[in-house]
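The letters A, B, C and D name the chains in turn, as written, and every chain counts its residues from 1.
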């Protein structure tokens, strides 16, 4: 009983912490987006409030919080108010399922006159065995927030945006899932941790029963699944409703799409949901195709040994090891987030028919081809 | 044990509650959203039965695709609250509810009588790692049930063609042309 | 205490009774509602009830038996197919009558 | 390579060819269609060779079996989709795919002027797929699927030029006649399943292994064997179900070569050889097989003497040769039957293709009275035809000699044999020699009887010549795989009877001592060869030296000639005695019984039902929820009944 409740408490705390992490990253990303877009468009961007305009975030947050919340007269209150909350759930749940660093093995120690541990602290919200399927299932729920918002606002533009968003979500989820099937076939597991572990060391190919090692490259998924990575990357844009796939909120056609009628805090929640989606996508991209939290060519044991030599106490070293790996993941996530932002301010928006034909006629067949080619490649690799 | 049973009762309550909303709500949009909720709860129930992969697929297929389709179609129809959501007819209504009650009662009674001690836990099979279980499932689907699996593929293709053909008809079943 | 026992030990029969409940609710929906789409949704409810029994039996069979879970996939496929055709039919009816009442299907009697 | 993989290629290559050509059935590009089809069969042939290689070697298995998936499981019957290649089917599969490839190649040239080449090649490929299913299927049901499939393809190809009513009717005749045989085959399968509880060849053979030989006529195994033989009769054109095969010549000639000479019609023989351990237990059934076979051999050969259509002659020859194979089966010489099947496939395919080449050259002329002297126009066709001719009349050392002679010897010496059977065989062989020589003489030798200014016969293109040459070589040397012991002993190196050795493990042999000595075999061999030679010489003198003699003889024996020329009036007999009485009887029944009794009864029933219906019609409101209500009420009642609801309620409340 004691053990269970401790576990439950730890998990709840972790989930909450990761949720907060997601929320707290949003202002930084907003700032980055504004500065970045200004940089791309040869403008200055926010630069008055605080150094580099950093305090602008705080001002924005205050503005959002103090705006008067209101609802369209003929809106459907339960749906209208639930939609922004629903926008947060998939992102937060998905981010919780991704391992953000190596597990921390805490040796027994004494604190407050009591022995604690040993305990293995997982650096993720919860370890769910079927990680990939879970992520797909959760992210497929993302369209509900758009649909609810669209219907609840009782606004023509909102509804059109919502229907567009739903159709787009369903369409691109196919390509997304099929791209992940390739990963599934290569690694033969649904668990994120095992996928990350499998990407350690130098690049190792199996061909006709023989092993070929390419020492200069890390053993990352992108070398096994280049096409899959491309499709996954493109589909995540559509799933996150980012430009060039932001048809649901196309401001030129639909005012602001599904969140036309939202303002203030509830609009902020939508933003958090969108950025959360991007964060999840970046973390997944890093996990599946770029080695996750692992550091190229350096094993976690080596990092641990390094910290053991620097500091005293195994637990401190273990924590520092986890932090190091976490930073390694964060570097990748930041890089991908920047790519998300850069693409948004570089590419024009698709037309709706182009979007659909890209999804169904280009990405889906290629994703299928990727699955078939992967199957043949694996079959060839393991036969002599 | 307590945490598990608590989870089950919460999920069961959610499922039944959403199902009730599905059949009682007068606005079809609420019906469909409640059904989506029910699907998610059923996914939770699958998870509580250690059928992780099935739960995931339930989320992806039912909650993520089928229900979104329903909601989308309903939104496009722009249906308002229905004045008469239920079919009329006192006698047939009585028979309907009575027959359903009998079916439900009989199933419940059957479950009640079929297990020796109704509330004692049946010996559950040993739980296995989710990845291993998924592999077993794949083995079944791609070996034992391969033919059915392929047949399902053919069925889906036919359905896709049929649905497209149906929706391209102009003016419904009694078109003038 | 049987009641206490029933609350604390969740077993096969709990799932079966839940499934029976869902099934009857779905059946009620099919019999009573007038909106075609809601009827389709009630059918989905019934199919889900069946799925629960499949998975429950698979979990509580004495040997680790995954056949029940495999069946769920087939049920899901059928359900998806049924939803697709049902919605296409509903759309056709809607185009004609601007409503999706089940009574318009009486015209199919011929 | 993996056996699963090879079997899949072997079977699927023709199927894929069929699908491709079937999807582009409107195309008139005969070269592309033909290349696809030929390529598919060639791939199949290579796969077959690779599979058969597995059977060679010191520790090679006796059979390679591959099971793909369960087809059906009903009660005690479990039928997997499994394929087997053993020493019997190896022989057959090589012949079918090998000869099939050559005939496909030949067809490219032959069908070059046709309207629908894609359809033709699609059918041909589909035929091969079904044939392979028939040969390789590991159980009777799978074999039956192939059996029906080849029947269907045969029907489609006989009636390929269906705009001609007669040809369409020929297809129908083949189909219907085959159905009679198929019913017998199906009954045979049922009997076997009833008897042994299985349809798998392997299990059938292992189950009958220990059974005693059945004496008498009413034993279950005899019954099963006779039923199966009826099936074989239909497919392999034996008396009395042979009538469809001569008419089947309405189809394109390569089809006649492939389906109605080399492969499909031998399916009956193959089936009996396959089940030889079962047949050997029913000597009475085997006697029937032998007598029917011998009778067919003689009967068809005598008809062949008077026919004037080049393909009809060959068709009757095929029927007659099939009779020889059944004769071999009937005397328990299953190896000899297989041997003759293989050599016959070579030389009869050769002769059919040769006749195709002749018909092609003569602009669709099939009457040999209007040919003659084609030797100088068609040198390659003539040369290869000569090889086939020598092979079929049994002149050593060509293929036909070895196989036919082995059959005759076995008919004489086997414990199941009889001198009468041997004599019938010799007469059949003599007739064969006579009519084949006649065919040669009328077609290729003598003076041209067609207008040389109007018709310009031309030699076949290479795509048609190559198959002819390859088949001629095979017809010439094919016999060496089964050299009789007596000849082997005097040859240098003492070659053994390779085929007999190869098949020994897979087929059954009759119990009992063979009678007759080596000297006897030499004498009989001499007799049969010399009789055949004499018959050939006689025909040569009749048709080349003194072309008037046949007419005189026909005038001298008008009755016999009329009988033979009209094929013993069998078709007429069937029409007069079976079909017409059936039709008129049915008419009488219709006029009296049907109108007066059955119609009355049905009207009464109909009125009753209509009355019921108009009452029940009110139930069909079109209201789907009402329908659902009926269903749910029915389910509720069913549940209550199944769970003994009333009883339980009574228990609950009554005490």
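Rule of thumb we're sticking to: contacts are C-beta pairs under 8 Å (C-beta built on N, C-alpha and C of every residue); 3 or more make two chains touch, one makes a residue touch a chain.
Please read these numbers as outputs of a predicted model, since none were measured by experiment.
Colleague: With subunit D set aside and the rest fixed in place, how do the remaining chains group by touching?
Modeller: Drop subunit D and the rest stays one piece.
Colleague: Hey, which pair has more contacts between C-betas, B-C or C-D?
Modeller: B-C
Colleague: Would you identify the chain whose Cα-based centre sits farthest away from the centre of subunit D?
Modeller: Comparing chain centres, A lies farthest from subunit D.
Colleague: How big is the gap, in whole Å, between where the Cα atoms of subunit B centre and where those of subunit C centre?
Modeller: Computed value for the inter-centroid distance: 4 Å.
Colleague: Need the CA-centroid distance for the pair subunit C / subunit D, whole Å please.
Modeller: One centre to the other, that is 54 Å.
Colleague: Between subunit A and subunit D, what is the gap in Å from one C-alpha centre to the other?
Modeller: Taking the average C-alpha coordinate of subunit A and of subunit D, the gap between them is 67 Å.
Colleague: Could you please state the distance in Å, as a whole number, between where the Cα atoms of subunit A are centred and where those of subunit B are centred?
Modeller: 29
Colleague: Which subunit C residues sit where two or more other chains touch them?
Modeller: In subunit C, residues 27, 31-32, 102, 107-108 touch at least two other chains, as defined above.
Colleague: Where in subunit D do residues touch two or more of the other chains?
Modeller: Within subunit D, the residues that touch at least two other chains are 625, 629, 632.
Colleague: Could you list the positions in subunit A whose residues touch two or more of the other chains?
Modeller: Where subunit A is concerned, no single residue meets two or more other chains.
Colleague: Give every touching pair of chains, nothing left out.
Modeller: Listed in label order, the chain pairs in contact are A-B, B-C, B-D, C-D.
Colleague: Per the contact definition, I'd like the list of subunit A residues that touch subunit B in the complex.
Modeller: On the subunit A side, the touching residues are 4, 8, 76, 79, 128-130, 133-134, 136-138, 140-141, 143-144, 147-148, 150-151, 159, 162-163, 166-167, 169-170, 173, 177, 188-191, 194.
Colleague: Please output the residues of subunit C touching subunit D within their complex, sorted ascending.
Modeller: 27, 30-32, 39, 102-103, 105-109
Colleague: Show which residues of subunit B lie in contact with subunit C when the two form their complex.
Modeller: Against subunit C, the touching part of subunit B is residues 1-2, 4-5, 8-9, 12, 15-16, 19-20, 22-23, 28, 31-32, 35, 38-39, 42, 45-46, 49-51, 53-54, 57-58, 61-62, 65-66, 69-70, 73-74, 77, 79, 82, 84-87, 93, 96-97, 100-101, 103-104, 107-108, 111-112, 115, 118-126, 128, 133, 136-137, 140-141, 144-145, 148-149, 152, 155-156, 159-160, 162-164, 166-167, 169-175.
Colleague: If we count contacts the way the header does, which residues on subunit D are in touch with subunit B in the complex?
Modeller: Checking each residue of subunit D against subunit B gives 69-70, 625-626, 629, 632-633, 635-636, 639-640, 643, 645, 648.
Colleague: Name, in rising order, each residue of subunit C that touches subunit B in their complex.
Modeller: Residues in contact with subunit B: 2, 5-18, 20-29, 31-35, 37-38, 40-42, 44-45, 48, 51-52, 55-56, 58-67, 69-70, 72-74, 76-81, 83-85, 87-97, 100, 102, 107-108.
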